[in-house]
Every structure is written in structure tokens, then in C-alpha cells.
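The data blocks that follow each hold one structure.
In the two assemblies presented below, subunit A is common to both, partnered first by subunit B and then by subunit C.
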Partner chain A sequence: MKRAVAAAGPLAPAALLTAIAFVLPLAWLLRLSLDRSSGGGMLVDAVTAANYLRFLGDGFYLGVLWRSTWMAALASALTLLLSYPLALFLARTRSRWRGFLAVLTIAPLLVSSVVRTFGWMVILGDQGWVNGLLRLVSLTAAPLRLMNNMLGVLIGLTEVMMPVMTLALIAGFARLDPTLEEAARSLGAPPRKVLLRVTLPLSMPGVLLGSLVTFVLSISSFVTPKLLGGGRVAVLATSIYEEALETLNWPFAAAISVVLVAVFGVALMLYERAMRRWMI
Partner chain B sequence: MRRRRILGPKLVLAALIALSPCLAAPSPAAEPSGDIVLMAYPGAFQDNYVKAVVEPFMKAHPGVKVTYNPGGNSAQMLGLLRAQKANPQVDVAIIDFSVSRVGNKEGIFSKLDRKDVPNLADIYDEARMPGDMGPGITFDNLVMLYGPDQVKPAPTGIKDLLDPKNKGKIGFSPAPNVIGIALQIVVAKAIGVGYKAPIDPVIAELKKIAQNVQTWQATPDNYTMIINGALALGIGWNARAQFYADKSGGKVKSIVMQEGGILDMDTINLVAGSRNPAAALAFIDYALGPEPQKRMAEAMYYGPTNKKAVLPPELMARTSSAPATLAKMIPVDWDYVASVQDQWTERWRREVIPAQ
Partner chain C sequence: MAGAAPPAMAADAPYLKLAGLAKRYDGGQAAVAGLDLAVARGEFVTLLGPSGCGKTTTLRMIAGLVEPSAGRIEVAGIDVTKVPAHRRNMGVVFQSYALFPHLSVARNVAFGLEMRDLPRGSIERRVTEALALVRLAELAERKPKALSGGQQQRVALARALVIEPSVLLLDEPLSNLDAKLREELRDEIRDIQRRLGITAIFVTHDQMEALTMSDRIVLMNAGRIEQVGSPAELYERPASPFVAGFIGRMNRLTAAVTASGGGRSRLDASGLSLMASRELPLGVRVTVMVRPHRIRLSARGGGAGEGNAVRARVRKLVFAGEAVQLEIDAAGLVLRVEQPTGGGGWVPGIGEEVAATWSLDDTLVFAER
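And now, the complex of A and B:
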């Protein structure tokens, strides 16, 4: 008992901060989601599940939820695919450029995702570099639609998330004992088998952590779907923005936010279960 | 019984204390003094409004200090005002009339009395809000934007948005943005039905326009995208179009569509519970006066809402207050639009925006 109290002491500031910055706003959000909004955005005090019923009873909003989920899942998968070799190389290389390369990989985190998304607009637009190049070699007559649709959002999200995923994977590789791979090789396993049977399973904690973080960041990302989606990619975050700042229906915006938090909860649960499976 | 007797004198005292500021309030004729906070848009609006209105006001009323608080867009400002409703930190707010309408109904703003705000008498009827609430200080109107190098001959109206020649070159904000809502009203007129009629044929027409749209989210905005050639046509607001036309050397131009335009305005509002209503009202009256309105027209092409503001004819012609422009505006029952806006927006989200 005494020990528990002693342990609670140092935790108090963090607990207080969490209460003020996280629990209280969330409680307020929950309360707001039970209010009503009359036509034109007037806020009406109420206790009603109408906002949730509207979300769950409407194919359009269920579609938004579904689209957000698969977009985030696909972005995580693409990010993993591209980051895994990169992280493996950075974890293994003995080059004297290693530190520099690691900084280079993580450097995009220093630039806001808004700026990076703008960069992609320059590259992917109808008059962007990619279409300019295709035109130059006369491959296409009309510009390819590389943005203002889901394709553009996925390209942008994947790049924005890569540094985060790479960091998580490098941390995972650090715990991987290279002698295990050597053992597999010395017993005659071909490189492909070493990767699939030894390296990959042992790096699963890093893979899972990276995937969880990318999934959560992708499903809640606003800037990339908004700017690269051309207004056509309706996801949870853009719907919350529209309801809160354009139709002024705050209670409905709050209800969608609560749904988003619930999705986080499910993702976290799946992560915990997968971790238990791989940590044994 | 006993309880009531004890409470009685306390209640009287409380009422007296509550009333005392009113009893002590200076008559409108007295020179206002003290601090007030003005909340309005950030950016170019702030720069110009401080120069054209706030600073000259403080010169005219040396006892009053006005702090300009850039609150973001209209909806964000309404959000801040809602959060402070019990204890307002803002005295005067300038926001779009579609949003101030909501604030008026929620009791966030107070009605204005002509006794306190004599300039109200000279305001155009179009600028008045129901119930003598904060009126318009600047007029603006819906226009079609185009790049003169890309669209030849110059566009005239809705038919240019439908023209297959402009496929993939159009960008504008869809509903729930006011631009999408306003365009729907113009399209209804173009196909000869009123905007209050069943909207199926209007939505069908908007879906045809949608097939030509490159982006519903022009970034940073469609004026800039037309200037740099990424878009050829758009829908926007007159004042910004005039501003960008000058800035770009005519690479973006604008017309009032032949079907008509929609009048938009920013309103100036007295926040209910303002701590310094006398100074706030003096500021509102000053802002509605002809001289400050003229200066805002010169700086940003916002049309004056005061009939007595006299502009040079060539400047007047470029603002929404030009008689020829005002005559082309489609009268809109905004209370009706507010009541159906959610239904309209749902149709846009489901049918218009995804149309390929």
C-alpha cells in the first residue's frame, strides 16, 4: 500500500496533465455529442442518441467510416512495404554514412505534413512534374489523374508516414539478435527463407507498433485527404471538419469524433492481441 | 414563509447591484472611453481594416483603445463567442452574415438601436438584418472567375460550366460552403425553376457541372490556381477577384453571371454582455459611416453598405454596390435557405461531389 502511494507521487503530474488535456475534453466531447443542432447550426441542449443513430443508420456515413478504415489500412501496408527494406538497411549497414542516412530518413518529420502535402501537389498535379514528364515523352495525351482522388491521398499518406514507420522498425530491429540469422544461414537456409522464417517473425513487435501508429495517424489525418483528395475523398476527419466549421453542427461533429475514438480503441485492442501472439 | 422574508431584502439588493451599471451608464452623447476588443478576420482583412477603420477611430476617440483580435473564419469566431457566452471577452465581432444569423438567434449578439447608432439610417435595405441586429458593413457578390488566356471568348454564365471544352479546368467550393449553396440558387434560375421548387432538376444540372470539375478543394484558392494556369474557371467573390485581378496583372478576371449573382456581406455585431457597450456602439457607428466604408472599398474593393459613401465611378463599378451589379442580384430568403441547407448539402455530398 505504502509502495503504491510512493509510486503514485511521481505519476501525479502526468496524471493531472492527462486529466486536463485528455480526459476532460473527451468528456466534454461525449456530452456535446448528445446535444442537438437545429437547422442553421443553432446549438440545442438535449440528451439524445440522434447523432449516433444518424451516423449508423446512413449508408453515406457508414461509407465514410469504411473508406477511412481501408484507406488507413492500405496506407499502413504500403508504408510498411516501403519502409521495411529501408529500416533493415539502416539497422544493418556498417557504412560511415549510417548516421547521416538515418537523419536523412527522419528529416521529413521536421517539415510539417502540410508543406510535404503541398510538395506532392506540385509533383502530382495535372501540370505537375510527373504529367510534364509523360507529356514530354508523348506517353499520354490527356494528363493522368494522380491527385484530387484516393490515389493521390494514398501516395501522400504513404510518404508522410514513412519516417514514423521507419523509426518504429529500426527500434524493433535493434532487439533482433543477428546470430540467429547467422545460425539459420549456417544450417543452409536460403536468404529468402531466413527473411521469412527468422528476420520477419523476430521483427514483428516493431512491425506491429509501426503499423498501429501509422494506422491511427492515417485514419485521423486531415490535411492530406483534404488537400490531395480534391474534396472527393470524404473520410472521418474531413467530415468532422465540415460539420464543425461549415455546417456548424457541433453535436454531429462530436458524435463522429467519438466514433473515431472508438476506431482507435478497436485498433489498440487488435494490436494488444497481436502483440500477445508474437511476444511469446 | 420565513425563508421568503429573509430572502426578500437580499433579492432587492441583488437587483439593485445588477441594475447599477445601467443606472450609471453614460448617455450616448457622452464621449466613450475605455478598452474594447474587436474580433474579425486575420490576414489582409486585418491589415486593411486596422488602417482604414480602427486607427482613424482611435484618433477620433482618443479615450478608446481598440484591440483587434484575429479570430479565424466566421465559424471559428462563432465558436469562440459561444464558448465565452457567460463571460464575453469580445465587444464587437465582424463575421459573415450567414453565420451572424445563427449568433443572432442564439442570443450571442444584441440588437442595435438607431439612437445609439445614427448611421443605421443611411444603410441600404439589402444590408439590414432581421430584428435590427448587426447590419452589413461590406457588400460582396458571387462572380464567375476565369483566366482570359484560357477561356476565349469570355464566359457569360452557367453554360460555360457545362461546356465539355472546360472539362477538368473548373474549381470551386461545394455546399455546405456558401459558394456551393449560392451557385445552386443561380443554377435553379438558369434552368427556369425557383430555388424553393423541388431540387431534383437542379441537382441533375449540378451533376453535369461536377463532371467538369477538377477539384472541389482549390489550394490555396481558385483565384491563385487560375492565375497560375492550373484552373481556367471558378466561382468566387467579387472583392477578392478584383484584388487578385490587380495583383496578377489581369490573369484572373471575373463577371457577374448573366443569370445573376448572390449578395454576400460581412456584418458588424455588438456582443451581448459587452463590458463596454458605449465604446462598442461608438465603434459600430463609426464603422458604418461613409468615410471608413469608402476607405475599405479603396483598399479591398468591398462595396459600401452606407448609401452616403461616395466612390469614384470607376471604383464604384468594381464593387458590389454599383447600381448595375446590385440590380443583377437574385433576392434570397436566407431563413428558408437555412432551413433546407442540410438537405441540399446531403444531396451535394451523395450525388454532386462524387459525379465523374
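And now, the complex of A and C:
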């Protein structure tokens, strides 16, 4: 008991900060979601499930929930697919450029995702580089619609999430003993089988962590869906924004936020379960 | 180099052959500098040497895990130098065991067979046989983490053997085990290797392992072979001071040749007069070596016939169970001596004056380069 108290000592500042900056606002949000709005931004103290019932009863909002979930899942999958070979290379290379390449990989984190999303708008727009190039070689008559739709949002999200995923994967690879791959080779496994039977299963902790983080960041992302979606891609974060700052229906915005937190909870649960399966 | 092939090998062609095998890492010194070696089928050959001598690099080149910079590797007359590791059919046992942590013991052993696309029934049967061979049948469903170090290494051995490899390659497989287990597994590996008649290359820095397990020892130093021969040859007839010093304990003196003739030389080691059993050119500097336990101590000396005898005073005495280890001072030269305990040898006291004698056969002499 005494030891537990002593161990808690150094954790106290972090615990306090978490309480003030996370638990309290969350509790406040939960309480707010049970209030009623009388329109025009007026708050009415109440304890009602009306906001949740509205969310669950409205096809539009259920669609938003569904769209957000698969968008985040797809973005995570795409990010994983593109980041895995990159992370594997960075973890294994003996090149003297390794440090530089690693910095280059995570450098995008130094630039705000607003700026990076604007970058994508320059590339993907109707007058953007991609369509410009296609026009130049006369491949397309009308410009390809690469943004102001889900495709654009997915392209943007994937790029925004790649550094995070890559970092998680590299951390996972660091714990994978290369001798295991040599053992597999010596036992007759061609490169493809080594990857599928040894490298991939043993890097699952990194894969799962990276997927969890990118899923959570994607489903709560606001800037990328807002800018690259061009107002046509309604997801949870943009809906919260609209309810809170345009319709001024704070209780309903709070209810959507709580739904978002619930999705986090489910994701975390799935992650825990998968980790138990793959923890060695 | 030194060490002629044993007579048995003259008859059949070598099974594993290394010719001019070399590895040079970019910019650096050669890890392995032109190695020639022929291994007979069923032979147990040990690559022995200090760390950094190139023994592990050599093993990894045979396994196909390291690409040679030059030279050729042949198995049963077929050049496999360019064959990738997964098509070489070599069974490798690693120092760190390298068991797949996410697979059960049985699945670990089955891995190589699954890669060969064998039918399920045959895989199961062979896995059961292999686990029985290393006496681990009852642990088949455990994960490697739940096994002791010795058990893990036996699983690794079963996994390497079950694929019926053309050569079994063992990379310091006993180094991570404690002393008692090491001895036990040493005998077990040797026993299984003999029973299966499999050709084995064993890498170690431990001379005891090399001496007790090998048909032949390849002693390496700085990427080159110092000597190849049976354990007894390397122990009794070392080809160089390095070999003599690496295997077993040695006293080492420097001396000059003062007289020569009649198949004998007389040497002067800082005032001590010694005899060597071959003729050496006058004035040449030589290294004289003699093993501590080949030196006999007595109160008066003499009567031993031809050999070396010096008078000395006991400086230090340590009781070490099976033997007493002494340091004696002979005219300023310090010799280490080992006397068996239990009536086998006379043990003087500290400060006592003694006669130290040893035979000409035990007097190893190397001309200095």
C-alpha cells in the first residue's frame, strides 16, 4: 500500500493535468449533451436523451457516423499499406543516409495539416497539377474529380497520417530480431514467405498501434475533410463544428462528440483484444 | 595450410568444399581472407578462434546468409556459391536460438517442412520424431518463451535437423547456456550428429567444446586458418605459438639458439639452459612453450633421462581441487606449474627450492618470424 502511494507520487502532476484538461471537459460535455436547446443558441437545463434519440433516429446522422467510420478505417488501411514497406526499409537499411531519410519521413509533422491540405488542393484541384498534366498529354477531356469528394479526403488523410504510422511501425520493427528472418530463410522460406510468416506476424504490435492511432486521428480529423471534402463530405468532426458554431445547438454538438468518444472506446477495445492475440 | 587431410578423406571426394572463400566488408579489413577447407561426409568440423577471427562469417557464408566477396562453396560437388539461403538446405542453429516466438514448439519444428510443401501427415510424423530425438515430445504445444534455455536450443536443433539438411551449421549454440547444461547439450549434439551421420560445422570460441566435440578443428585467427587437425594434433603438435597459446594453458619463454647438432639444439632463455628436440640455426630467436601440467616437480630432480631440468623456488601456490597451481621462479623466469592432487604428484611448500623437469616432447619450440 505504502509502495503504491510512493509510486503514485511522480504520476501526480500528469494525473492532475489529465483530470483538468481531459476528464473534466469530458464530464462537462456529457452533462451538456443531456441539456436541451431552445433554438437560437439558448440552453435549457434538462436531463433528456432527446439529442441522442435525434442522432440515432436521423438517417443523415447515422450516415455521417457510418461514413466517418469507414473513411477512417480505409484511410488507416491505405496508410498502413504505403507505410509498411517504407518503415521496413528505414528500420533495416544500413545506408549512411538512414538518419536523413528518417527525418525526411517525419518532417511533414513539422508542417501544420492545414498547410499540407492546401498543398493537396493545389495538386488535386480541377486546375491542379494532376489534371494539368493529364490535359497536357490529352488523356482526359474533362478534369478528373480528385477533390471536393471522399477520394480527395482519403488521399489527403493518407498522406497526413503516414508519418505517424511510419513511426509506430519502426518502433515495432525495432523489437523484431533479424536473426528470426535468417532462421526462416535457412529453413527454406523465400522472401515472400519470410514476410508473411515471420516479419508480418512479429510486427503486429506496431501495425495495431499504428492502425489505432491513425484510425482515431482520422475519424476525429476536421481540417482535411473540411477542405478537401469541399463541404460535400460530412463526417462527425465537421458535423460537430456545424452544430456548435453555425446552428449554435451546443447540446446536440455535445451528443455527437460523445458518440465520437464512444467510437474511440470501441476502437480501443478492438485494439486491446487484437493485442492480446498478438502479444508474445 | 598445415594439417594434412586425414587418410579417410583421400579415398572419397570432400562433401563440403570451401575454395579461396573470402569476405571483405566495404572499406574494411577482410573478415575472412581466402579460406580453403574440405570436409568429409559425416564429419564434425569445428571452426575455433577468438572473436573477430572470421569463424561466424565463414559459417554464415556457408549458410548463404552472407555473400562471399570471392571464392567458391561446393556441396557434394555442386557449386552453391550463388544459391540463395532458402534453396541451400542448410540446417542452422543460432546462438540466440532464434525460435519463432509466435509459434508453438511443434510449429517451429514444422516450419521448414511446411516451406517444402510436404503433406500434413508426413509433417506431423517427422515433427514428432524430431522432438522425440531431442527428448521434448511432451512440450510440443508450448510457446518457446515457456521453455528453458537448454530446451529452446534443443528445439532449435530439432528444427534444423528435421529438414534433413545437407550440412548442419551450429553458430556458438552453447554460449548462452550455463556450464552444466553446456556440457550436457554438448554430448547430446555430438551423439545425435553421430547417430544421424550428418555433416556438421560447429563455430565456437571455447577450446573445451572444440576439443571434446570435433573430428577436426580449424583454428582461425584474423580471417585465416592457423592450423587444421584433430584435437590431439592441435594440442600436442601446434603449428604456431598462436595455436599453442589458444588451446590449453602454456608457459611461454623467449630464447636464443646457442648450439646445434645431432638432432638437438641448446637454447638460452635469459640464463636458463634448455634443450630442444630438433636442429635449429645458430643465433636464431625462438619461442619456447611448455604446458604447466607437463612440468614435474621434485625435491632433487635428476633420473628423468633426457629432457629439461631447472632449479626454481616456489612463489605462489593455489589449491584448485583437481590440481594445485604453482608459480615457480627459475633464475628470474616465472613458470606456471600444475600438479595433480591426491598422491599423483609431490606438492612443495611456498619458498621451497624445487627441481622442475619436463620431457623434450613437451618442449615446443617455434622460430620467431
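Basically, the second predicted complex is superposed on the first by the 279 of 280 C-alpha atoms of A that agree within 3 Å, B and C clash if a C-alpha of one lies under 4 Å from a C-alpha of the other, contacts with A are read in each partner's own complex, and residues count from 1 in each chain.
Here is the rule we use: a residue touches a chain if its C-beta (ideal position, glycine included) is under 8 Å from a C-beta of that chain, and two chains touch if they have at least 3 such contacts.
None of the values given here were measured: they were computed from a predicted structure.
Aligning the two structures on subunit A places subunit B and subunit C side by side, free of any clash. Legend: residue contacts after superposition of the two complexes on their common chain; A:Thr179 is shown touching subunit C, with no touch to subunit B. Of the two partner chains placed around the shared chain by superposition, subunit B is the only one that A:Phe60 touches, whereas subunit C remains out of contact. After overlaying the two complexes on the shared chain, residue contacts for A:Val198 are found with subunit C alone; subunit B is out of touch. By the document's definition of touching, neither partner reaches A:Asp45: not subunit B, not subunit C.
Judged by the touch definition given at the top, the superposed model places A:Gly188 against subunit C, while subunit B stays out of reach.
A simple residue count on subunit A separates subunit B from subunit C, and the partner touching more is B. Judged by the touch definition given at the top, the superposed model places A:Asp126 against subunit B, while subunit C stays out of reach.
Put simply, the nearest alpha carbons of subunit B and subunit C end up 48 Å apart when the two models share chain A.
Taken together, the two complexes place no residue of subunit A in contact with both subunit B and subunit C. Partner subunit C is touched in their complex by these residues of subunit A: 177, 179-180, 182-191, 193-194, 197-198, 201-202, 278, 280.
By the touch rule above, subunit C contacts subunit A in their complex via residues 63-65, 84-92, 94, 96, 98-102, 111-112, 115-116, 143, 145, 159-160, 163, 169. Residue ranges of subunit A in contact with subunit B, taken from their complex: 39-43, 60, 118, 121, 125-127, 142-143, 148, 226-227, 229-232, 234, 242, 244-250.
Residues 73, 75-76, 78-79, 82, 99, 101-102, 105-106, 168, 173-174, 176-177, 214-217, 219, 229-230, 338-339, 341-342, 345-346, 349-350, 353-354 of subunit B are the ones that touch subunit A when the two sit in their complex.
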